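Labels A, B, C and D are assigned to the chains in the order they are written; within every chain, residues are numbered from 1.
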Amino acid sequence: MNFEPTDDRRMLGDSLNRYLGDRWGFEAWKRVAASDAGHDPAIWAGLVELGAVGALFTEESGGFAGGAFDIHAVFHALGRNLVVEPFLGTLLAGRVLAAEGGHETMLASMIDGSEIVTAAFYEPQGRYDIADVTTRAVRDGEGWVLDGAKSVVPSLGLAGTVLVSARIDGDATATDGIGLFLVPSDAAGVEIRDYGLIDGGRGGDLTLRGVRLDAGSRVGGAAHAAIEDAVAAGIVALAAEAVGAMGFCRDATLDYLRTRVQFGMPIGKFQALQHRMATLAIEIEQASSAAINAAAALDQPRHARERAISAAKFTIGRVGALVAEESIHLHGGIGMTWELPLPHYAKRLIMIDHMLGDEDHHLGRYIALGAAA
Amino acid sequence: MELNFTPDEEAFRAEVRTFLAEKLPRHIVDKVNSGKRLTKQDHEEFHAILNARGWLASHWPEQYGGPGWSVVQRYIFDYESALAGAPRIVPFGVSMLGPVLIKYGTEAQKAHYLPRILDGSDWWCQGYSEPGSGSDLASLRTSAVRDGDAYVVNGQKTWTTLGQHADMIFCLVRTDPKAKKQEGISFLLIDMKSPGIEVRPIITLDGEHEVNEVFFTDVRVPVANLVGEENKGWTYAKYLLTYERTNIAGVGGSIAALDWLRQIAGKQKKSGRPLTEDPFFAARLARIEIDLDNMKTTNLRVLAAAAHGAPAGPESSMLKVRGTEIRQEISSLTRRALGPYAQPFVSEALDAEHNGESIGPDYAAPVAAEYFNNRKLSIFGGSNEIQRTIIAGALGL
Amino acid sequence: MNFEPTDDRRMLGDSLNRYLGDRWGFEAWKRVAASDAGHDPAIWAGLVELGAVGALFTEESGGFAGGAFDIHAVFHALGRNLVVEPFLGTLLAGRVLAAEGGHETMLASMIDGSEIVTAAFYEPQGRYDIADVTTRAVRDGEGWVLDGAKSVVPSLGLAGTVLVSARIDGDATATDGIGLFLVPSDAAGVEIRDYGLIDGGRGGDLTLRGVRLDAGSRVGGAAHAAIEDAVAAGIVALAAEAVGAMGFCRDATLDYLRTRVQFGMPIGKFQALQHRMATLAIEIEQASSAAINAAAALDQPRHARERAISAAKFTIGRVGALVAEESIHLHGGIGMTWELPLPHYAKRLIMIDHMLGDEDHHLGRYIALGAAA
Amino acid sequence: MELNFTPDEEAFRAEVRTFLAEKLPRHIVDKVNSGKRLTKQDHEEFHAILNARGWLASHWPEQYGGPGWSVVQRYIFDYESALAGAPRIVPFGVSMLGPVLIKYGTEAQKAHYLPRILDGSDWWCQGYSEPGSGSDLASLRTSAVRDGDAYVVNGQKTWTTLGQHADMIFCLVRTDPKAKKQEGISFLLIDMKSPGIEVRPIITLDGEHEVNEVFFTDVRVPVANLVGEENKGWTYAKYLLTYERTNIAGVGGSIAALDWLRQIAGKQKKSGRPLTEDPFFAARLARIEIDLDNMKTTNLRVLAAAAHGAPAGPESSMLKVRGTEIRQEISSLTRRALGPYAQPFVSEALDAEHNGESIGPDYAAPVAAEYFNNRKLSIFGGSNEIQRTIIAGALGL
């Protein structure tokens, strides 16, 4: 039993944190968050150079690590530093491509940073359900024609290619009958609506109208399991990112409590605030454990994996909201201002709950998985 | 025990409803109900409509232009206004300064300022908080030094809500730096056009400009603008903070917000069914609905006691704490209800003139921003910790 | 709008509180709670004398009040004084008898205290569902034969007669097909298992084996609505009792916080405890409002009534647990001891949640009623 | 990152399981698993079994009879014992006094008392708390005055768990009434059969007799029974309170309690279906199960850091707070699960010899009483407020 990261992972995390500490920061965040691209090519290139993308994938897929705790290490650093680059979409799409095989060229371009690929698994009517797919893929000779809409796709505007789930067969919410397709963002019939997100990142809505794809665009076969696996990895990532952000919020709030003076003493001397802060610290440790449990379960058989994944996302959602709300509140008015990094971390924590299934979604899923055991 | 309003009160309620239905402009209601930004003109238009009816300053004595309402009538008016989608009345002149001038102002001050509050000639803002004095308001440091027939004011105020629109600011300033902290404070009325005043916007976490910093550099303020006695300003400040709390729980506003939430949750789908049928979401919704129903009665009990002449206790602090908690929870559930579409944020979409197609459902645009903005409710107006300390004191702890 | 009780109700409440202050108290509670009867005939007689039973019923039923706020006033005093007498069963049974009419003699005996009647609406498999009735009533000539079991009937051992719900027709959980019967506790085939309750009261399990009843034993016709109405009145009563008990807990805890010295000052000066106590005070006001809302709704049409009733019982359950747990905790070790009244009030508050439907039961019911609106 | 135990640790776990399966008496397991009362003999029997195997004093150095286990092995042993339905080892002699004597006792004290703890000759109890000193332990007032070769002790101790069975008590007493409050305290070992000692039961809210008051009237205690130096007792007391915290979170016990809850909830019916299928109850159960799973990992992280030599931080306070909260919540859910049958309470039904038919389901009898009894968890052992203050201090507040 050893909860210390391996030397490789520690070095990776350290180098990312050092690089981001030097080249990224709150001023950069404000600049990038306000920009139309919502992305800083130089930072992206720098992180790619340091292996932040390569670490997400195994050697046989063209990366150099790819374990759950590698993903954890990368996203923890991203969370701690409030990075808004297109890592999540890269992980979701790349994970599927790596698992299905045969996409070495695209993966290599993703890992060397020259190509951005994202994943569109969710639809407007489907909320957080990956099986609720009404986008249709219909055979067209050797190829396919896709029609439908995908909602809030991460980093959509940056992506040259989008991995899209579409229904080939079956009822609207059946787990069977879903296929995955690589859709070039400049294909005829593809409409991309790119927009800013309230946490400073970018997302987009994707509309597909009679988009013709060749036979090679289909990735793998029955896709539900592959999507579920990618989402599991995505949740390992978001959980680690959230824990990184929570650590920032805790430290920033402690700093404020130690230095802000009211009624003649630092407000951190007031017992009511001390006890709330103690509760927050306990909850953050619990969230950290949940993120570790999820990472440890990623290579387990499906049932154990998905239980731990849903438990972690539920925990991150619950604790994330608490940390966000308490850190703002304990800062008082200053915690409400754009000029402080803290509230932007808080927004990110809240928005992580709106990605890949929220607290209630995963609590229900955890229960359903338990009943099915 | 009689929980219903009297026939007279019911008649009054009907009168208020008719008035609101007839006079409240549709374009303002639409903005309020869809979470769009209100302009200065919107506020002024609404104030003028109320003033024309004599209903703007609902808690002023009749001799100064108040309507002569009971606390119950004031509650009914606030409640019905919120339900009808009226904006909240900008409180700084009408609700805050007015009562202070009426109680402590000179005849000249009353004669000059009160009519100008009513007719909108002066937009007032509040100069209480400073960067170093939040919950500990009495530690304020902005100084006013007497120089002939003027005070010379230097210092900085912050969290000045809508100060960017203001013609006048009422300020707490330190006139005796040697006295104990509550004892050297005076209450000054300052023209915002005075040389030496600079207003700088504070952008909040949602990207909005609602609050400001106000800097004072050698600003000369006529001695005639002192309210009451020099160094007694703390008394007036406390009076202001506790005077008007009929609507502190914001029940009407929360009911309107809950209605909106219920509509949204009914339209959002989970597994093909309305989100309101999801047991977890339904439980969240029911819990807050029940808590709000309980608070509505708690609020009426406090009002009824006040109407029967009971002395004020810690009740307004209780209503403030629970009222803001409820409102924050409603905001939080509205955000949750949206699912993935809580993420997109296009600031321009909050302008009424914006013609762009909505991202996701048409009700989505303001929801997350409003959730974040409402985090202020437990901080401002005497933080909920300050209120809990007041309650504990009243309980003899 | 006036939340002051009427003069009559204030006088009733005052006289009950005064009487109980003089004749009842913690030493009496300990004596009675430890006894096999779990009942003090002298106190019961005294309370009857003061009109505590008569106040629960209208003049036409032989009482002198019978409004929801009369029930509220009586039970508030019972709660404040931790009375364990058979009021709840009396209210539940008497309310049905009064509504159905034709039972003036029995009601008169109940109101003058000479006869104790209770109500058995719940069954072991049925949890808190009044429609889950598997006790069978089968026609036997002009009369009936009853077979089945009823669970945790309040004050069963004291009752000479039990008002029992039994299924005449329909599925096990149908609202239709339920009848009500007056069963003498000494009838052949009636088995009563009387036991103490953890809060100091008494209850019992009732087994019916081929119990023959004459035609006159049936009360009214289709019984579900009558039972629901009686339970609604019972919840008005329990909510008021709970608010009375909460008031005691608040006052006792405040006293303790003001006087217990640790680290050189009264522990009520510690801010963390102050803020928790403030929260408790707010919640008690909310619970008090919920109890008032329930009383105000008792004469409303069914849908509005039942929504307010379930909202109140949910609130009382939630706040009751908080008040019980926090009052014990804030007392520290002494709050765990038998010799202090406080923990017995706390036990009563917790057990009220186990009567007539708990927090979860009523939250679900409130939601279902809303959906049906 | 390696969350699994090493092969050696897994082998050890198997050894513990085999031992428990073979040696833990069935009649004791049945009592533990059904919430029945344990007698003094039950405790003594279990201690003797552990001692025979050399596993009783799991954290003592080998030279004094400890097994030489790592912190991880100790955790595994505690965890597996709880899952197997073993009683908790009565901690006063083995876990509390033992380490103090080993570190601070004289050779004579060690030679005399340590073997007697192991073989059960002495049942120890703890004399720390007093009526006036709960959380503020150092304010204790029981006095010990030197008189020749003895101390004369006068005063009162309280919350003395299982003191009714005890042969010996270790006490904190005040030997210098003039010193600052932590500085005049000494640590004495007192024979419970000494003249002048009276033990009075304290009955808890559930009617149980587990704790006691102990009165001292001119009790003569040989000077040889002083541990360490006079007036240095606070140092030893603190050592005792922080020494053995491997199992402070009680993860194994909570897992066993949760299993029991899950079984009960699976048997209870709501609308004809198992209660586990009710969405609200299922949500309560899932929330606590997830929180416990998280805490299990938090606990292991703390242990792993300790095993790697990390200095002790506020972690044991965090584990105490959350561990007791979780255990209390499990008790609360078990009570809720019973529905109406949480109400009946027949004290005799908790005796193993009781032959009466159960009231309601056969698992119901101890549930509500255990829920109420477990309210103590957040009070005793350093209240959760004391722990939060410690955590805040460690966070630099």
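Keep in mind that, in the parts below, a residue touches a chain if its C-beta (ideal position, glycine included) is under 8 Å from a C-beta of that chain, and two chains touch if they have at least 3 such contacts.
On a predicted model such as this, the values are computed, not experimentally measured, just so you know.
Matched by residue number, over half of the contacts between the chains of A-D recur in the interface of B-C, chosen from B-C, C-D or A-B.
For the pairs C-D and B-D, the larger set of C-beta contacts lies at C-D.
If you average the Cα atoms of subunit B and of subunit D, the two centres end up 53 Å apart.
Here the CA centre of subunit C is 38 Å from the CA centre of subunit D.
One finds 43 Å separating the Cα centroids of subunit B and subunit C.
Among the residues of subunit D, those in touch with two or more other chains are 279-280, 283, 385, 388. Among the residues of subunit A, those in touch with two or more other chains are 270-275, 363-364.
The part of subunit D that touches subunit B in the complex is made up of residues 279-280, 283. Contact residues of subunit D toward subunit C in the complex are 129, 132-136, 139, 158-159, 202-207, 268-272, 278, 280-281, 284, 332, 335-336, 338-346, 359-360, 368-369, 371-372, 375-376, 378-380, 383, 385, 388.
In the complex of the two chains, the subunit B residues touching subunit C come out as 1-6, 9, 72, 276-277, 279, 282-283, 286-287, 290-291, 293-298, 300-301, 303-305, 307-308, 314, 318, 321-322, 385, 387-389, 391-392, 395-397. If you check the complex, the residues on subunit A that touch subunit C are 270-272, 274-275. Listing the residues of subunit C that touch subunit D in their complex gives 122, 124-125, 127-129, 132, 151-152, 172-173, 193, 195-199, 203, 205, 261-263, 270, 272-273, 321, 325, 328-329, 332-333, 335-339, 343-344, 346-347, 350-351, 353-355, 358-360, 363-364.
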